[in-house]
Amino acid sequence: MSSSLWFMIALMGIATVLFVYMGRGVEDPRVRTIFVATIGIPAVSLASYFGLASGLTIGVVDIAGRGEVVAMWGRYLTWTFSTPLILLALGLLVGSDRPTLFAAIAFDIGMCVTGLAAALTRQAVWMRWVWFGISSAFFLVVVYVLLVEWPRDAAVQGDDVESLFGLLRTLTVVLWFGYPIVWALGTEGLAVVGTGVGATAITSWAYSLLDVGAKFVFAVLLLRFLADEPASVTRRQPTGAQSPTED
Amino acid sequence: MSSSLWFMIALMGIATVLFVYMGRGVEDPRVRTIFVATIGIPAVSLASYFGLASGLTIGVVDIAGRGEVVAMWGRYLTWTFSTPLILLALGLLVGSDRPTLFAAIAFDIGMCVTGLAAALTRQAVWMRWVWFGISSAFFLVVVYVLLVEWPRDAAVQGDDVESLFGLLRTLTVVLWFGYPIVWALGTEGLAVVGTGVGATAITSWAYSLLDVGAKFVFAVLLLRFLADEPASVTRRQPTGAQSPTED
Amino acid sequence: MSSSLWFMIALMGIATVLFVYMGRGVEDPRVRTIFVATIGIPAVSLASYFGLASGLTIGVVDIAGRGEVVAMWGRYLTWTFSTPLILLALGLLVGSDRPTLFAAIAFDIGMCVTGLAAALTRQAVWMRWVWFGISSAFFLVVVYVLLVEWPRDAAVQGDDVESLFGLLRTLTVVLWFGYPIVWALGTEGLAVVGTGVGATAITSWAYSLLDVGAKFVFAVLLLRFLADEPASVTRRQPTGAQSPTED
């Protein structure tokens, strides 16, 4: 289990330094905002994994009718900070209007907080699944924004933005569905591999690998594109004075 | 006590679904933002009450010189998320300027967090009342915005907005004063009805009924009005380019 | 130790009332926003110190290989709320662009949250220092904004704004470096004065005195300047329609 944490600490530490280096010369305000949000993703992950590795945000939960399970509740807590940054970066990329970006982030935070509640609930197994259901309902709103709302916005941007968004959207939606699946099958849910040390390690590695894709690969793809400050992102949108860059 | 929680879970679950249904065709960005904020109110309440019902955000506090009291501290925690949404919806409705909206929400969060501190303080009864006093001071700033600042903004909107705001403002101010009164008289304050199981149930029902009015009735009144996207809300304000709608 | 807390409660209580009084007639929206943010600084500090004095946000941490240390973890928690207000006030004063203000506040919050993690970590002393290192890295980004980015913005404002910003920036950078130094030398770090009652009192007083400068003196200097609504702050910036005042 521990190796799944230290591996991520090293990866996210390198990523943070690399991304700061990539963004050192960026001047355009919109690109800079996306850069800052995206650099925050590995920085938050680094802190998240160190919180788990240092034992601070990890605990044993004694669930009625199930027994003791290792709860890495720090994951859910820090997703509350890191996943909004992912959505912020995507929303700024496609030039999302404010209400949609606000909705995506608000429901995303709701998803993470209720996921945290699921992880900490001990009174009954079915109550954990109710939290899982509430959290999943919030998640579907985020998926709706990613699959229906933002593709429309992306379509009126440059072709390069639209094709990058298509890639990042697919990566995000597919991998984000992986998290509830790992929860449902892993030690905190149905525990199909048991709840012992080995099962905890498998569950933890599954989350870590999802994070490699959904956070590290995501950020590399986005920042490699943005580092050159492509004209399709830096230029004002046709609607003029009220581009989302400016406030 | 438990019935006061499950009743609210059912009500807020129905409300969330109903409000999403009511808002399905809304196109105007300002109306959509208010809709999203308002839908968040029952969604957060649902999670809040399930947190209490599942025992996750409830505890027994052993107060020096008083004895053991059931503290439903999850209420104060989730008000930190839900009451700013109420103020956001009202502020957007009347076209509040940013500083005033920011102040209302900041002091509202201060009110909730210090209320949470009051609920958890065990060292002395008087210290709980100091928290109560600090929280009440924050509350008065919110009341000032509701009674003095926003009526002015509402007056320059359409007559329908002004009259709706008048109704919502009265509902909000009157019911919000009910919460500190319930706290002061209930099991966590003077405990005029004692601190036993019956008293806890009465206190809990009092809060739940206040929530029915301040959250459910509030949201129904607001969204019923907005569902038709009235011209007085959707049209740009006369001051032009910098209407609060747009960012 | 206790005296270092009650002294601050009295000071911050007086400051809050005084600042509200100073700001009673302010009309300009930009000046009002800075006023509200700045009034929030002593208000949050008041709650922070009362949280420590009431024993709510203070605890004894048993650190492996070190022994028991009094952890005033509430300080780090409330800095998460108060220090962004300081940066918000400074950023609005110099007319910072959004990405830079967002970055400063985001890294500042990261600094405080990882500082909180350092205070609560018990597993090993070196792990506490890793948190200290991560927190310090976040801090350096904030220092960069204060020393490199915002002076440029201040230079295009009026002379009075530029000279006030120069003073506040120096005050802030110098005193903010004091906090990690106190941490490193005090009871939670190297414990050069030991970890007993006396050492805890010295450490606590050191933080309190830093707070007097970084929060109280800072706010007095800023608000005394702003109370007259100087033209260099209230007037729109030359770039016109998109001044940071307006959203």
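Here the chain labels run A, B and C in written order, and each chain numbers its own residues starting at 1.
Heads up, the rule we're going with is that a residue touches a chain if its C-beta (ideal position, glycine included) is under 8 Å from a C-beta of that chain, and two chains touch if they have at least 3 such contacts.
Only a predicted model underlies this, so the values are computations on that prediction, with no experimental measurement involved.
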Angle of the C-alpha superposing rotation, chain B to chain C, to the nearest 5 degrees: 120
Same-site or different-site touching of chain A by its copy chain C, using the half cut: different
Between chain A and chain C, centroid-to-centroid distance (C-alpha), Å: 29
Residue numbers of chain B (touch at least two other chains): 241, 247
Contact footprint of chain A on chain B as seen in their complex: 29, 32-33, 36, 40, 43-44, 46-47, 50-51, 54-56, 241, 246-247
Chain C - residues contacting chain A, complex: 97-100, 102-103, 106, 110, 113-114, 117, 120-124, 127, 130-131, 134, 138, 241-242, 247
